[in-house]
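First subunit A sits with subunit B, and in the next complex the same chain sits with subunit C.
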Partner chain A sequence: MSQEAASQRKRPGVWLWLPLALFAGFFVLVMVGLLRPADREVASAFIGKPLPPFDLRAAVPERPGLKTAEFADGKPRLLNVFASWCIPCAAEAPQLAALAQQGVEIDGIAIRDRQEDVQRFLATNGNPFARIGADDVSAVQLAIGSSGVPETFVIDGKGVIRHQHIGDIRVEDIPKLLEKLREAGGR
Partner chain B sequence: MIAELGLAMLWMAGALALLQLAAGSLALTQRGRELAGIVRPIAVVQGGLCALAFVSLILLFLRTDLSVKLVATNSHSLKPFIFKLAGTWGNHEGSMLLWVTVMGLAGAFVALFEKRLREETMLATLAGQAFVSLGFYAFLLLSSNPFERLPEPPPEGNGLNPLLQDIGLAFHPPTLYLGYVGLSIAFSFAIGALVTRDVGPAFARAMRPWVLGAWIFLSLGITAGSYWAYYELGWGGWWFWDPVENASLMPWLAATALLHSASVLAARNALRAWTVMLGVVAFSMSMIGTFLVRSGILTSVHAFAVDPERGSFILALLAIYIGGALALFAIRAATVTEGARFAVVSREASLVFNNVMLSAILGIVLVGTLYPLLTEAFGEKVSVGPPYFNPMGAIFFVPMLIVMAIGPLLRWRDDAAGRLSTKLAIPALAAAATALALVAMAPSIKPLPFLGIALAAGLAIASVLPLVGRELKRTPLQVWGMVVAHLGIACVLFGVASDSAFSTEKLVASRVGETHQVGPYRITLRDVEPVAGPNWTALEATLAASYAGGSPSILATQSRNFTSPPQTTSESALHTRWNGQLYTVLGEEADDGRWQLRLWWKPFVPMIWYGGLLVGLGGLLALIGRVARDVKRIRAEDKISYRRQRQGR
Partner chain C sequence: MRRLLVLMLLVLASPLAAQDLLPPAPYAYRQLDDPAQEAKAQALMETLRCLKCQSQSIADSDAPMAGDMRNQVRQRIAAGEKPEAIRAWLIERYGDYVTYTPRVRALTAPLFAAPLVFVLVAALLLRRRFRKTRSAKA
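What follows is the complex of A and B.
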């Protein structure tokens, strides 16, 4: 008995603090996780990849069509995937207009659309686009990793996809898009 | 009126918890001695008030009182009765109220019925329970008030998440919570024993039935949850290593280890510090699990109530309670001596081994659950799934199962391995024979399922061996309980291994009238028709399934559209036989009028849930056995003391 007590005294029971230390580690990890701004989006695998080769005819006569080569002119821009039959696309129109007013160049891809419908859509909601390509079978849409409308991509001056915004652009999304554009500008 | 009454009762219950903590702590000091008498009554009233507050919330849901915000956001007047009821706990606020109710009731029951614990330890335990409850009362009352009114009641409620509108799930959360939160008693017992340095066999015997009770509910809750995910989510899987599932598995692993180490402490006065730590860890795992699920810090496929701001509140509670308890453990456990020694081949040693293995599995599940969080801190997103959990778990699970087969046959303290060799030959032979049969019949089977099925056969036989040579009628219920629970584990293992080895899956696009073969079944799509329920409409496919050419059974699988809130769920249709289950799901309609059908034949898969039920039943038998023995002993002691009193006169 006394021998046992002696051996107890020799080992000061440092291991007894181990559970607490492990919990402290857990706590720190979780604190970091909680304090970090919520970033729940899963980055698309297409980020960092150049745009696939495409050459889309003009969706409306008022604007030229869209081809890959034109993106590599050194100027970062937005590429907006939209459709006249898409209600959130109408909802984001004021935000696109605001971006265009700030000098951002925006190109559009109209998905599975008819010329007169696109014209009506642009007449009602305004036309922020420099060029609009028509993607009748969603071929380009799928090739750039977009699964729905609306989506907005930030393309840098070399024609590389830098950012993907899924869903309509809300007012609060504008600063982030501008920042991504600035980053894509290389400065 | 009911809402205000409920809120008032909740506040009063919270105030009583504060009083319980104060009185319980003061009663432990010299000057506060006389306060000892009021602690138990306070605990009972506190639990009762809390339960009444919960009943108030149930009433509000049953009446669909839309002026209450929680009802308006989670219920709908057209919902069937049972789902109005289930709506009470199918949301964050209601489930937190259920949480404190279970804590309060657990404390009340301990105060009423626990007679063996030393009085000081009892006071410390009840104070501890109140201390933990207080945090959750604060959480509920300050940031998640379930009784909040709306200034203007909406004309109609939002409805309940359709995935939750399922009879199985209606009763799954309360069952799980009884287990999950019931473990708070083990936590408080551990704190109480650390405070009074009263860790010994009597403490273990007092704690064991309470842990057992919580563990039974936890086992049943996990089993039910797994079956729900299996048939409701329509993926044909029964366990996804999802954070929510892991959150329920981790407390179960800790509680299972605790039950076994408490046995060693009760019988042999060994593993003192270890048992106390497991008591703390089990409920800590419940709290950590709740935090991970509720804070939204981990992305889960079925996160129903996520809110990062609440996360900080729960995290603060975690820091106070888990950090506090572990610090108390670190300071005090050194003064809890390790107790009796035992040999390498002995019942104790096998239980220690089992404990280490269970803890290792717990560690693996915890690390796997937290790993995405860790990598995300370094900017990389990963998800951890079966390729990690299955083999890593198996490394520890397989040796544990082998020891689990042998352990119950060993004697306490010291035993000779040679004594058991004849007895153990039978299960070993069974495992070997099964292995040979598998090699002959299914040569392409993968190693883990192969090992699983062979082990399951051996374990099933080994688990009933403790009954051999006993007079069955006189065998204590606890032994029956152990046998049944271990047999249940063998069943689960067999079902799991068989499912992963032999399941066949088929995805077909079928026209009405076409027939498909999956496993031994021939399935004909008879019809697809719209049907309507109380708050949903559905497309229902009628399937005629005939097993091995027998007469066909009719199955109806639906793709169901709920209106409030709008959501589509797949209602799978199952056909269960003794040797497996046919699982069918209706998918979408293709352009050309064909229908997607997913068909699975899963041999012996129901064994997973039968096994889970057996585990729960085993626990129940053991609990009845223990309680009956205690009651008998207490009566006998009463009789003796009564006689002594009379003789004294």
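What follows is the complex of A and C.
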């Protein structure tokens, strides 16, 4: 064998590293997917749009039901989508109570719920709601782009959806909600 | 020991019902009477994503919310609404994520363009190759 050919075989070039580089890239991709899984929440695409027309019957006799027209009274408020059968909804109850105590008006929509169950839920967790509408077939929930319970929407004084909070409200979420309410109030 | 006992008692605790007790919506599990309308509804439901169980279509899922979505789809079809209008209504609320039918958007455009690019590249490569063989023969 000539010397020239032997030296060529000794230097196979960068191509030798390609499989290893591909594997390293694949490994990084898998680890990123494992350690930081993608967000599986479905955010509403309905932010900035007015509430669709609805008129829900009262979920409990203690509070009136909920109509779209009532949101256009000039006062921003929270619209909380909840259910008595939803455990995170009970977990966020103290935060809702704190918000109500600060003068925030909160309306509720009870999803697929029976009157006695809502009453029991409110008796256990407190009732921060001014009005509670009953949405038995998730019609309003679908109409506002909510994909689960609990979710909380900031509605401005004209009845336009300004912000969506997905999941239970934790203590650290309260300042952001108050800020969004302030923005919705135009102050 | 006491902690263990408490933990063991937890096994016996009745789990809180994390599911609603309402009966399913009227058209969640009931087909429309008109077979043509039901076929339209079924075709649409198979291409809409269940928001609760995100790898299933609403036709496949037994989640209460999927049932409510089927109810809404069937009632709207029965009322004469076009399937694509219902899809558009849902996309307006949930984004493209809610539909399984691919849409051409800035983000997805490369996927649609890729096959064309590949065919073009292949055609160029083949042309060069045929030219070479012809010139080699000559």
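FYI, the second predicted complex is superposed on the first by the 144 of 187 C-alpha atoms of A that agree within 3 Å, B and C clash if a C-alpha of one lies under 4 Å from a C-alpha of the other, contacts with A are read in each partner's own complex, and residues count from 1 in each chain.
The working rule: a residue touches a chain if its C-beta (ideal position, glycine included) is under 8 Å from a C-beta of that chain, and two chains touch if they have at least 3 such contacts.
Computed from a prediction, not measured in an experiment: that's the story for all the values here.
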| item | value |
| --- | --- |
| Which of subunit B and subunit C A:Val60 touches, first, second, both or neither | neither |
| First, second, both or neither for A:Asp136, with subunit B first and subunit C second | second |
| Subunit B versus subunit C as contact partner of A:Val118, first or second or both or neither | neither |
| Contacts of A:Gly145 with subunit B and subunit C, given as first, second, both or neither | second |
| Contacts of A:Cys89 with subunit B and subunit C, given as first, second, both or neither | neither |
| Shared contact residues on subunit A - subunit B and subunit C | 40, 42-43 |
| Parts of subunit A lying in touch with subunit C, wherever the complex brings them together | 40, 42-46, 83, 85-87, 111-114, 117, 136-139, 141-145, 147-148 |
| For the subunit A and subunit B complex, residues of the former touching the latter | 4-5, 8, 12-13, 16-17, 19-20, 23-24, 26-27, 29-34, 36, 38, 40, 42-43 |
| Touching residues on subunit C, where the partner in the complex is subunit A | 16-22, 25-26, 51-52, 54, 64-65, 68-69, 71-72, 90-95, 97-98 |
| Residue numbers on subunit B that touch subunit A, as the complex places them | 273, 277, 280-281, 284, 288, 291, 295, 297, 299, 308, 311-312, 315, 318-319, 322-323, 326-327, 329-330, 333-334, 337-338, 370, 373-374, 376-377, 381 |
